[in-house]
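For reference, chains read A, B, C, D and E in written order, and residue numbers begin at 1 within each chain.
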Amino acid sequence: MNMPFTMPPLGPIMPEILLVCVGLILIIVDLLYPRNRELLSQLTLLACVGLIALLFNQKPASTFGNMFIVDPYSIFFKVICLIGLLMTTLLSGQYLSIEKIRHGEYYSLMIFSVVGMMIMASAADLIVIYLGLELMALSVYCLVGLLKDDFRSNEAAVKYFLMGGFSSAILLFGISLLYGMTGTTDLAGIARYCSEAGILNNPALLTGFALVISGFCFKVGAAPFHFWTPDIYHGAPTSMTAFMSVAPKAAGFAVFGRFLMTGFPELHEQWGTIIAVIALLSMGVGNIVALSQTNIKRMLAYSSIAHAGYALLGLLAGTSEGYSATMTYLFIYGFMNMGAFAIVILLCSADNRRESLEDYKGLAKSNPMAAFLMLIFMFSLTGIPPTAGFIGKFYLLKAALAAGYTYTVIIAVIFSAISAYFYLRLVRYMYMDDPQEEFVAQYSPGLTAALALSTIGVIGMGILPGSFLNLAARSLIGF
Amino acid sequence: MPTYLLIIPFLPLFSFVFTFLFGKRLGVQSHWLPIISVVISFCCAFYAFLQVKSGYHINQDLYTWISSGTMSVSVGFLLDELTSVMLIVVTSISALVHIYSVGYMKGEDGYYRFFAFLSLFTFSMLMLVLGNNFLQLFFGWEAVGLSSYLLIGFYYEKVSAADAGKKAFIVNRIGDFGFILGLFLIYASFGTLHYEPIFAHVDQIANQTFTMLGITVNLPTAIALLLFCGAIGKSAQLPLHVWLPDAMEGPTPVSALIHAATMVTAGVFLVARCNPVFSLSMTALNVITIVGSITCLFAATIALTQTDIKRVVAYSTISQLAYMFIACGVGAYSAGVFHLFTHAYFKALLFLGCGSIILGMHHEQDVKYMGGLKKYMPITYWTFLLASLSISGVPGFAGFFSKDEILAMAFVSNVGAGKFAWFIGTLVAGMTAFYSFRLFFLIFHGDFRGTQEQKDHLKESPRVVTVPLILLAVGAVAAGNFGIPAVIGGNANWGHFLEPVLGHPHAHPSHAIELILMIISVSAGAFGIFLAWKMYMKNPGMPQSIRERFPILYKLSFNKYFVDEMYGFSIVKPVIGFSRHVILKIIDIAIIENIVNGLPRIIGRVSGSMRKVQDGLVSHYLAYMCGGVVFIIIWMYVGA
Amino acid sequence: MFNQILFLYCAVVIITTGLLAVRFKNPVYSVLAVLVLFFHMAGLYLLLNAEFLAAIQIIVYAGAILVLYLFVVFLVDLRQELTVERFIANHRFGTIASIGLGGCLLAVIPFFKLGAKGEYPVERIEQLTHTKAMGFELYSTYLLPFEVAGLILLIAVIGGLVLARKDRGEADNSGTDSCEVKK
Amino acid sequence: MSFPILSLLIFLPILGGIVLLGMSRENEKNVKVMALIISLLEFVFTLPLWFAFDKTTYHMQFVERHSWISLFNIEYYLGLDGISILFVMLSALVTILCVLVSWNSIQTKVKEFFVALLLLEGAMIGVFCALDFFLFYIFWEAMLIPMFLLIGVWGGPNRIYAATKFFLFTLVGSLLMLVGIITLYIKGGNTFDILALAEQDLPVRLQLILFWGFFAAFAVKVPMWPVHTWLPDAHTEAPAAGSVVLAAILIKMGAYGFLRFSMPILPDATTAMMMPMLVLSLIGIVYGGVICLAQTDLKRLIAYSSVSHMGFVTLGIFALNTQSVEGGILQMINHGVVTGALFLGIGMVYERTHTRKISDYGGLATNMPVFASFFLLFTLASVGLPGTNGFIGEFLILLGSFMTKPWIALVASSGLIIGAWYMLWLYQRIFFNPVNPKWNRIKELELREIVAFMPMVILIFWIGLFPNTMLDFMHVSVAHLLEQVTGNPEGVASGVQLAVTNSLDSAGHGVQHIQQISH
Amino acid sequence: MIPLSWYMILAAILFSIGTYGFLVRRNIIIMFLSIELMLNAVNLNLIAMSHYLDSLRGHTFTLFIITVAAAEAAIGLGLVIVLFRNKKTVYVDQIKELKG
């Protein structure tokens, strides 16, 4: 038997291929020009910008036997991931030199993880999802452990690895059950078979489903699978924390969303409630525990748990509006969180990382600009208009309400009010206390650019979100 | 709108504004504008009186003050018989007090302020009197209260003065509480607050009822009693009389003008003005009569023992005001207004006389330290005597005519409490004579009981003080001539003049009864004077022995029946204590604030304990995650 | 019948060695127990007509990965290992959770229903040979995962390098052009 | 499309604030002058509203309408009617006074202070202009940020607690309202246009739920009992300008919210919930008044008095008839003017004495007679003396509520007595009584401060004597509102069933004749 | 013929054993080993199902899982070595500096 080998069309996957190439080139460049670090980040930036442009021009298509789908939904998430990469790259220059991290592998590992995310975003098959996930995760494990002399970084990396491995195993067992029940790993195929065979309420299928969403919840950092978040965010290099809080989370939501939407749309009744519970639990844990944090990275970690909970509100709605709300939210969250981390990095210096909340006391006096920007990001994270955070939250609440989850929304809103307390605490420290040390932050061009970008994003999307929201909403057409 | 009518209130207003703003620069000259303006006002008022007498009435709106939906109230003036009388009283006494004050207030701090406030008071009182609707009446009503507050508290650095001013305002507010509800009820019944349409249609509410909180009352009764609440407050009747004696903290001219002649009579004016409403309700009339009678007796008994000369006069004022209410209560409104008119003069005279004495005594007000002032202050002596005779109802003096008319009307009236009122009134007539002459004798006769230094400085007050006294004395003697009853040859002009507004009393005493009553009351008065002479001239030890014989009665009277203390104990203290200990400490802090602050505290505590779950050990995390997986699987089972 | 006995044998060995592996105090024993387990697993794969995977299981898993583990186990201090506690202090919850999870997974097996049949019945695989069939599939249907798996291995290489190497970069960074911060 | 005056009014201060932000920190004087110029300019720009406003129609005027977020049908939709126009003008006026009163009292971070103030002004005007519920919410929440900073950065010793409390209280309420807004959007035909929403016939059950959702936000802001406790703290700790804005404008927004949103959109719920709201208002009136008697802190006392006064406002609004609603709106202005002025005054005196304890004062009238006179006027206006603005509002409210339910007016009127009590007691303890020797050398007001008081004085008498100039703006709009809520332009039928009114055709509509009566 | 459920039961048991080891062992290397047990359980499941489903999908998936497992092992063990170098420990309860 001869099987002709036919090359599938590579057009749809071209951005990923190009990105892989960039990653490889970076390694080579690093080898050839070990001293020229600017080049690495510049190349990465160039690649990001180029790819974003390329992505916007991509037409919906699918390749590799429908395992890889390019649609507005995936493009949107890829753009989020690339923006995350872009911002992280901008942030990293200053941070890497402070922490003395090697640049070469750093950028290429980040790029490979983004490739993994992009594959996740486009994946329509559980196998590809799993592999994309692992590609992303393995790169991130390495990046988290990049500060080899810093015990916290080691600890974070090992912990992340252990928990990530466990969640992968859970996910895989779930996939195996789904595969066995349906005979396929293709999401659309699963959906089709489930409704044809009428096995939607089969406990075995549900178990498989539960295991899989547990795995995804781990990736997005939702309770009760959030335990890695604070420790890893805390221990990881700050630029990586920033990266992790945005890109992998977005990718996690991308597959989560696609899994629910394409794989189990008819099971909405069941997963709606469980996701509501997970969402509320995440908001509760995130917001409440964040109240007693003293380290800014940990605080932002808990806040990111809470925000994962908010983002889940869109998914639980199970409507295309809900998904676009989640997407919007993640996009906005990327900007505001990146901005906040940019400030964290800004305050970091070789002798003192200034990660304690106490270090922010009197920032408005010593570094008024930094304080003002942090204020904007904090209010945005709280969801106070006219910042983008409000628009995102509004959209989510609206989607969840439209789907009938009134009580969930009310509780979410109350948690949101609680969250204001710890965001405000930072503002209070910055504006209403006296500085403890004279410290003038240094703005490197990259950091300045990152701050500018995130500020423009947060304010711009807060005031004129119209066209952007339309884009997000249009991404769901065809779903 | 004729100009003279506008001048009457607004010239004092202008004088107030100007003096208040620029008085500091004018210094000791700042009295000119107020005096001139109030004198001009008086002239205009007199002209207005003549106009009214010739049958010319005005009821005209100046502009629409408030209009909201179907409600519309104007600022407008009503000039009729009642108004014109009041205008005369207010402007004449105000003018005299203004002039008197130049002498009395000489050298005081805030001289200009005093005159400014006097002008403000005059304006307010005139607005009260002139208004053609209830709301404007209320405006004036409150504005006089304000002026009174400011003038009582003129010596604001004295705690007692500041307290007294505040007390006057607040107690008045309690009365106004009823008043304004009365206004609402009037509006609800008539759809307007203007006098003219209300009084024109008043009979339509005669048999209607008003229900609130399940209690149904006759509508006119409700309106009348609510309005009467206001009158009680303003005219210091029981149980809201407590502010008036304290108000004596103000400079004496103020007491004369505001707390004797004009402002305190606003309550009577109100009842008289609303006589069509009151007349519809026998209940209300009875209540007024009874309140009047009790107050009359009550205040007179207190006045018997007071030693502060201004307080004696103050209680006598309360008592005399009560006469006016008795008159109104028995439906003899014109008699009430007549007494208002005469009382204004003799009581102002009494007060100004007191002021003159106080001036002479260098602000000593206690009668215990006076005596024998006759030879030092002759003009004051004679005018004071005339006033005392007038208030005691000695025939021929103003007080005689008005008081006797009231008593006669009370006796024959068809109001149930009329006889009772007559009895009390007659009794009090004797008491009035007694305490007036007690005061008179103690001040002017006998030996001087003050310090030598005071004695050395004793002299008659300057002319600017004595001339108003003399002018007022003329009034105190002659004011009664307007209403000499027919029985002794008069033609009862007063009643006829006011008849268009105040109507005709229900019953008239026959001449014989009137004469008998007159004799009874005159003899009561005479007995009072005699007793005073006996006790304080003839036999100075007698008061002491009486005091010892009836210690409880004396204490009750001397301490004003402990009403202030009672109020303090039963209202003021409990309210403030309730506020401090219940509302603030328990409800606001212990309950509401505790919930408000407790929630974050609880959340914080939860946060602290949830934080411990994140203990750093991966195995535990993994176990929790595993538990989470099991939880989700079981949830899904249950869901399926 | 023979198959069943073979299965049961393998199953018993797998469970026993699995339990032993997680209970042995000495990590070396654990690794060896897992080695045995992997071999029997390969046996089961053979039962399931997956020769290629059985080979991979032995070559890659047993041969490469486990050896790597063994190396690492030897790298760290073994003597100390034998004297300390095997389990974390509070392992009861972990035990309960894992039993719970196992219970859940076992409980659903009765409800399990096989899904849609595919196009590779046993006969076809046997006819093609498993390796060839896998090859066809890998290079056609599963090309994308295959490539991604390659990328993952690349990451493993880079990551392993980055992590394991004594960092030369540190010296580098502390050198001449350490500061990119624009003053 | 006519000139976008409302946008100008909203964005002038915001842009002004941004300009200020760019100014040099060194030259504080320039910053102050610039802030003053901007606020004056803003006020000047509100004047055309006064003259161009058409009082004969309830339709929105000066309307600007652009699509903003098309996905949700959200519009940039501004407009004014007779209810909101006065608040816009008041906001502009009050800001000027705030700039003046902060001239010397703000010592640190001067530039930032004025920036915050101007941003706050823009947001406040936005709140009153917005006709799109979403837009309204944006402004409503955006206000929190500058206000939070005003209290927290420039406030008193306990400012952080107060600022946080203020922020969280308001935020919880607002977020619950947000849920309500979105629900309304979903159930009400996918629009945020409040005029269109008012046309909807929503089921009563839904209306009730939404009503309480909105209540959460508005009642906190008003503040109604029992969610009032943030106000005393915020007022006490806020700097003078902050207290003034808070008292004059911010807390009006709660009542405005009821008028603009709860009532027309949820008419059935409003009529159904009338009694609970009236009772809460009554509790607020009495409670706020009585608790004032126990206060020892100057600002706290005025703050609690605001609870009482705002109780009158909500009472008026929910008594649902023409007089009470118009009185309520007018009383909002009045309270803004009077309490604003009181806080201005307290700010001035605090600047001199640095104490807020009432017992530290005494006899100030001797050394500060001008100030004492101004403060007396404000006190009297606050007490509701006829001739001042306070009376007009309270009278109309009480009259209206009497028409609705007499016993409510009975209870509410007791607030007048208590009000006189605590205000005059306060006045006595500060200005009267023996002079505290500490203040023998206290400085009298300077011209700047007198100028700051003047607009308030003028307004107090203007509204007190010629309230119709203000009420005229409202008549048609209020009638329309009441028609929406109760179906009758005059509001709920009178609770006092007395039939005399009909027979009085001439009743009181200004008697414009001279009677010649001869006998 | 062996029923599929036998395989599944075995897989489930092995998975639980892996989980158990993972949750209770102190030694990080043994924890890694436990993950391998879990992955093997999954592999067994996949291959068995694949067999009964007449499909090669599970087989290929297994192949990928083995690949990933190898990569994971490399990186994981690398991390352990870094940790050991720094802290001289491979015990999970000794790396709990990050907490709270």
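Just so it is clear, a contact is a pair of C-beta atoms (placed from the backbone, for glycine too) under 8 Å apart; a residue touches a chain by one contact, two chains touch by 3 or more.
Note that the coordinates shown come from a computational prediction; the quantities given were computed from them, not determined experimentally.
Asks: Indicate the lowest number of steps between subunit A and subunit C, counting one step per move to a touching chain.
Replies: Contact-graph shortest path, subunit A to subunit C, evaluates to 1.
Asks: Can you list every chain that touches subunit B and also touches subunit E?
Replies: Where subunit B and subunit E share a partner, that partner set is A, C.
Asks: Based on mean C-alpha positions, I'd like to know which chain lies farthest from subunit A.
Replies: Chain B.
Asks: With chain centres set to the mean of the C-alpha atoms, which chain is at the far end from subunit E?
Replies: Of all the other chains, the one whose centre lies farthest from subunit E is B.
Asks: Contact counts by the stated rule: is the higher one at A-E or A-B?
Replies: Answer to which pair has more contacts is A-E.
Asks: Centroid from C-alpha atoms only, then distance subunit B to subunit C, rounded to Å. What do you get?
Replies: The answer is 101 Å.
Asks: So, what's the distance in Å between the C-alpha centres of subunit D and subunit B?
Replies: 36
Asks: Would you mind pulling out the distance in Å between where the CA atoms of subunit C average out and where those of subunit D do?
Replies: Roughly 70 Å, centre to centre.
Asks: Round to the nearest whole Å and give the separation of the Cα centres of subunit C and subunit E.
Replies: Centres of subunit C and subunit E (C-alpha means) sit 5 Å apart.
Asks: Which residues of subunit C are in contact with two or more other chains?
Replies: As it turns out, subunit C has residues touching two or more other chains at 88, 91, 94, 97-98, 101, 104-105, 109, 112, 114-118, 141-142, 145, 149, 152, 155-156, 159, 162-163.
Asks: Two-or-more-chain contact residues of subunit B, please, as numbers and ranges.
Replies: In subunit B, residues 600, 611, 614, 616-619, 622-624, 626-627, 629, 633 touch at least two other chains, as defined above.
Asks: Hey, what residues on subunit E touch two or more of the other chains?
Replies: As it turns out, subunit E has residues touching two or more other chains at 4, 8, 15, 18-19, 22-26, 32, 49-50, 53, 55, 57, 60, 64, 68, 71-72, 75, 78-80, 82, 92-93, 95-100.
Asks: What are all the touching pairs of chains?
Replies: Touch list across chains, by label: A-B, A-C, A-D, A-E, B-C, B-D, B-E, C-E.
Asks: Using the touch rule from the top, collect the residues of subunit C that touch subunit E in their complex.
Replies: 3-4, 7, 11, 14-15, 18-19, 21-22, 27, 30-31, 34, 37-38, 41, 44-45, 47-50, 52-53, 56-57, 60-61, 64-65, 68-69, 72-73, 75-77, 81, 84-89, 91, 94-95, 97-99, 101-102, 105-106, 109-110, 112, 114-122, 125, 130, 133-134, 137-138, 141-142, 145-146, 149, 152-153, 155-157, 159-160, 162-164
Asks: Along subunit C, where are the residues that touch subunit A in the complex?
Replies: 104-105, 107-109, 111-118, 128, 136, 139-145, 148-149, 151-152, 154-156, 158-159, 161-163, 167, 169-170, 172-174, 177-183
Asks: How about subunit E: which of its residues touch subunit B in the complex?
Replies: Of all residues in subunit E, those touching subunit B are 19, 22-26, 92-93, 95-100.
Asks: Provide the residue numbers of subunit E that touch subunit C in the complex, in ascending order.
Replies: Interface residues on the subunit E side: 1-2, 4-10, 12-27, 29-30, 32-34, 36-37, 40, 43-44, 47-57, 59-60, 62-64, 66-75, 77-82, 84, 88, 90-93.
Asks: Using the touch definition from the top, list the residues of subunit E that touch subunit A in their complex.
Replies: Residues in contact with subunit A: 4, 8, 11, 15, 18-19, 22, 28, 31-32, 35, 38-39, 41-42, 45-46, 49-50, 53, 55, 57-58, 60-61, 64-65, 68, 71-72, 75-76, 78-80, 82-83, 85-87, 92, 95-100.
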